[in-house]
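Consider the two complexes below, in which chain A is the common component and chain B and chain C are the respective partners.
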Partner chain A sequence: MSADQEELFERLATAVFELDEALAAKLSQEVLDRGYDAWNAVEHGLLAGVNRAGKLFDEEEYFVPELLIAADAMYAGLAILRPHIKGHDSGFNRKVVIGVVQGDTHDIGKNLVRIMLEVAGFEVHDLGRDVPPRKFVEAAIALKADVIALSTLMTTTMERMGEVVSILEAEQVRNRFKVIVGGSPLSQQFSDRIGADGYAPKAAQAVELTKRLVGLVNAA
Partner chain B sequence: MAQVHFRSHDLRIEVEKGSSLLDAARRGRIRLDAPCNGAGTCGKCKVRLDDDARDAARIVASDKLSEADRRDGFVLLCTTLVEGDLALDMPVGAEHGLKILEHGQQIDLPLAPWIGKRHRPELNATEVLSGADVIAQEPGDTTPYSYGLAIDIGSTTIVASLIDLGTGSRVGSASALNPQAHHAQDVLSRIKLGSTPEGLALLAGEVIGEINRLIGELVAEARIPRRRIYEAVIAGNTCMLHLAAKVDPEPLGRYPYTPTLTGDRHLSSRALGLAISKSGLVYVPPIVSGFVGADITAGMLSASLAEAKGVTLFVDIGTNGEMVLARDGHLQATSTAAGPAFEGMNIACGMRAAQGAIERVSLEGGDVSVQTIGDAPAVGLCGSGLLDAIAELAVHGVIESSGRFTKNRGALPPGLQARFGERDGKPVFHLTETVFLSQGDIRQVQLAKGAVRAGIDVLLRRNGLIAAQVDRALIAGSFGYHLTVRSLLDIGLFPPEFDGKAEYVGNTSQTGAEALLTHAPSRESLARLVRAVEAVELANDDAFTKVFVAAMAFPRPNRPELEAVA
Partner chain C sequence: MTIAIRTEQSEELSSLERVVLALQYKKPDRVPAAPLVCGASCRVLGYSYDRWSQDPRIAIASLVAAQELIEFDGFLTLVDLSVEAEDFGQELIFPERSTALPNFDNPFIKTADDYSKVKAVDPRKSRRMSTVIEIVRGLVEAKGDTVPTMGFVYGPLGVLSQIRGHAELFKDIIRHPDRVLEAVHTINKVLVEYALAQIEAGAHAIVLDPLYSSASILKKSTWVKFEAEIFKSVSDAIRDAGVPVLVHNCGGGVYFDAVLEHINPIAISHAYPAHGSANWEEHAANWAKKVVTIGVADPAKVGHEFSQAQVLEDSRQQIETFKVAEGGFILSSGCEFPPNGNLLSARTMVQAARLYGRY
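Right, the complex of A and B next:
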């Protein structure tokens, strides 16, 4: 990679990290104008920027707004670069089906986890919010997903998560998927009780958990 | 069995070995905050044990205690199990009175109660009338004796006033904490508990029991018999009313949060178990939705929102920030989930508004000064103190607009620089030697105030309005009453344009209930108004996340005009 190219990717990463959506879009266009590889720009620019934001989020330096705005900047760049990405290999090809369980429409936490999983290289299928248990199962089967990620903010809807596990068992497909759960009223005990494979209290830890569950502990 | 001696309360309680200290405290009817209901997750029931007491207990480790706390001998009541006789002191704040606001803005209405009396000399009896219907007959002429109750059931507090229906005057009022909080702190936990038949019976029994106790106080004070109380108007949020009326609250816990009880109904006092006249009635005001209840509709009446000219924003700041935008008689209502931060929950040094709670904070003059409830030594921060503190931190540049502690501490006055400390490896800001604010605390307040502000911004936006076009901002609810408009503006819960337009209207749920009690025609007009109220579901607004994200920012130091709103 040439020094010029590296310098541009670094500026792209900084634009995302410093929450400058317009600059991220402008620099992404510049990547194309100069004929650099789009995937390299995504990896060393956009994703590197969100990763740095995610680290600060973990250290309580950044908060929800910063992370979501950084993600917006990333998506702005991605919209420009994506059509020009030639087949690439992120090192692994794992799919996650994610959504907020039925009865709940609070989706900011789920969106944070989705962003961080995407940045980590997972192919994430977002079913949105207020998603019936059966729909998670159907989507996971149809997409041949590796992981089903369930989110809720409300005490009153957390039991829906157990229903997803029950349906997987009833359909005799439980062992095809890892089920992870998250949301403020949950705990490891709850996850154990409903027979999920894992729980993470924070978005960044959800990524580590997911990687561990699909056997990618040491993967990038 | 083992004996637990609560030295601070001079109380000895016998419990089974293996019971938790929290159980023992509850058995002794010592009130204290345990929002997680003994699950060991909130860390609020912290208490210090001496070595003797530690030897007689089994202490289950909890990550809710810091290293420093553990070293200092602190444990959680809920995860400490009694093995033998022991003695301890309860923390300051347990069983102290709370500040409860009983009344709000009043409206002038002629006396026209639903309950009437008609003396029938030929029968030597008096008929009790519900509207035009005779509901009871009493011997002799009892026409001068007719009373009613106006009750506001809040998630935290219950207020009841006794009204003379012959004169419309308030004979007395009394308040108490809502005992349901012992079983489940927040509304969602109560919905969950109330969704089982046993849980519903428990929660209904608790709240009705407490109301009956208040009625007992009121009639004793006024020296009147309970049977002369013929009607109670009960306002409160949608969940509280479901629980009081023993209606399954389960649908309130899931989208689209549809209430079973819609209000504008007369129920019988007997069905509710209310200790008033056997033929007495209970009127429940109309309900808009799962999260905009009779407390808000009673407030609409009390604050005369239907008649208000121009643009009025009515905001009830609490665990849920409910708000109504009134525009020349057209009303829209919504509610935002502010969470429990305003009640001092999930805040490291948070506590209820009890003795020793810091309620005012100032950073003027380059140092911190605090004022506590009862001028007692500071033991924690209540909601109003928390907001005041964070407003001051924002104004004086201790925190950045993003909410992060400033990276540029050197630019602060030395008195403020010296207030920074560390707790579990993370920076904190000390208000006093023992009471501090963590970065996490500031984040909790950002989420809470951001939710309310986002609600305001979305409501305005949907109506093509900007903040400057709002003529009046009315602050309702007992929590809001303890806040200063300055701190609401300084943390950005209100847009800067509300400066000079905000006023307190107090507990309008209670005064609205009183108005409905003494002026029955208002019931019909309010029901009509509420049918026309548009309930806005914020989660369905596409712009909500973006507005919410912007609303979490604090105004820049001393220059609110720089606040950027997306």
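Right, the complex of A and C next:
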């Protein structure tokens, strides 16, 4: 990689990390204008930037607003670069269907997990919030997903997660998908009770859990 | 408000006496137990959640019946976190068996330009806040001599998140700070009146919920700028009316120092150790003598997971941990008792206070 490329990718990473959505888009276009490889710009620019933001989030320097805007900056650049990514193989092709279960609209945690999964290389299909149980199953089947990730912040809607598992069993497709759950009121005990495959108390742990469940890292 | 407390404690104190003493770090007959049974009360008389949360007569009857069944030591008029939002214009969804929620397919504030659409309303006349005021009035009329009724006010930033959408609001805090602040000020003026109206209806105390005073969401200085410095006027107005201010925040890592500095409650109801405290023992050592603790049971575990024996043991451990508070402890769930949770577990928490919480 030339020094010019490196310098541009570093500026791109900094734009994301410093929450400058417009600059991230402008620099992404500059990558294309200069004929640089789009995937390299994603990896060494956009993803590097959002990773730095994530690190600051872990260190309580950044908080939810900063991380959400860093993600917006990443997506702004990605929208420009994605059509020009050719023949890139991230090493795995695993799909995750994610959403907040029906009756709940708290989607911050789900969004953080989605961002981190995307940064980790997963193809994430976000069904949004207030998602009926059957919709998770239908989407997972249609997309041939590997993992169904369910989120909720409310005790009243926790049981919707169990309904997703029940529908998978009723449709005789349970073994096609790994089901993971997360959200403030949940616990490993709850996850076990509804028959989910895993529970993650934090967004970053959801990524490790997902990788482990699809066989990308060895089980602990 | 003056509440006479019997000093001769040969007989069991009333819930009101017990809570008043605990809030002053004076040991009552036993640890009070108030597991925040709010929406769960609808099931005691067999009403649906949507009717419970919109008809004050049903809510009052349900809460009174729940108190008589469970014998908890205080009412909290937390109906849902969308009460204020609807009155500011947000469309809500009322599920039959769950908490009301905003329809975020149709947020009242769709773009940053819409913050100026937020206008002051009269909480005494608006549909949902007036419902809560009536619930306060009915509970005080029914049980005011023996059971405290604690009114509830969601913080202005929380209210705003219910009419804009959480993620969008958090991004607007950075992108459009002045517009957010303008709306927070408008909402806050209404909340002052809302708190005073609940006091006029007889509330013994008001619980304020500054949910985003939490390290799991906002930087401390961000919370101070966008809510604390403004919400302070609500707590001041409550104190000026002679009524105690309490805080509830079920978020992770609550900024106890900033909450005490700006809101200055006499008690904090919470679900997790304060920001900077690694565990409950550390939390208790740091904070239990500075502000009365209300909590700290995990509502999902108590309501959904634990056997009754586990609830007893969990409660016993909390009472033990907060002995250091020298009376300033109310056993409770760290957040609302799950509306669909096992009501027997709420009663078992009260039983645990009787068994293990005698002073």
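Rule of thumb we're sticking to: the second predicted complex is superposed on the first by the 217 of 220 C-alpha atoms of A that agree within 3 Å, B and C clash if a C-alpha of one lies under 4 Å from a C-alpha of the other, contacts with A are read in each partner's own complex, and residues count from 1 in each chain.
Note that a residue touches a chain if its C-beta (ideal position, glycine included) is under 8 Å from a C-beta of that chain, and two chains touch if they have at least 3 such contacts.
This one's a predicted model, so the numbers in the text were calculated from it and none came from an experiment.
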Message: Quick check for you: in the superposed arrangement, does A:93 touch first (chain B), second (chain C), both or neither?
response: neither
Message: Applying the document's definition of touch, where does A:188 land relative to chain B and chain C: first, second, both, or neither?
response: neither
Message: Let me test your reading of the model: by the given contact rule, A:60 touches which partner, first (chain B), second (chain C), both or neither?
response: both
- request: Determine, under the contact definition given at the top, whether A:29 touches first (chain B), second (chain C), both, or neither.
  value: neither
Set intersection of chain A contacts, chain C complex versus chain B complex: 60, 63-66, 68-69, 103-108, 111, 129-130, 154-157, 185, 187
Touching residues (chain side chain A, partner chain B) in the complex: 60-66, 68-69, 102-108, 111, 129-130, 153-157, 185, 187
Task: Spell out the residues on chain B that touch chain A in their complex, using ranges where they run on.
output: 41, 186, 188-189, 191-192, 195, 250, 252-255, 337, 402-404, 426, 439-440, 443, 446-447, 539-540, 545, 548-550, 552-553
Query: For chain C, which residues count as touching chain A in their complex?
result: 39, 93, 95, 97-99, 101-102, 104, 165-167, 170-171, 173-175, 215-219, 222, 250, 252, 298-301, 303-305, 335-336, 338-341
Message: Using the touch definition from the top, list the residues of chain A that touch chain C in their complex.
response: 19, 60, 63-66, 68-69, 72, 103-108, 111, 129-130, 154-159, 184-187, 189-190, 193
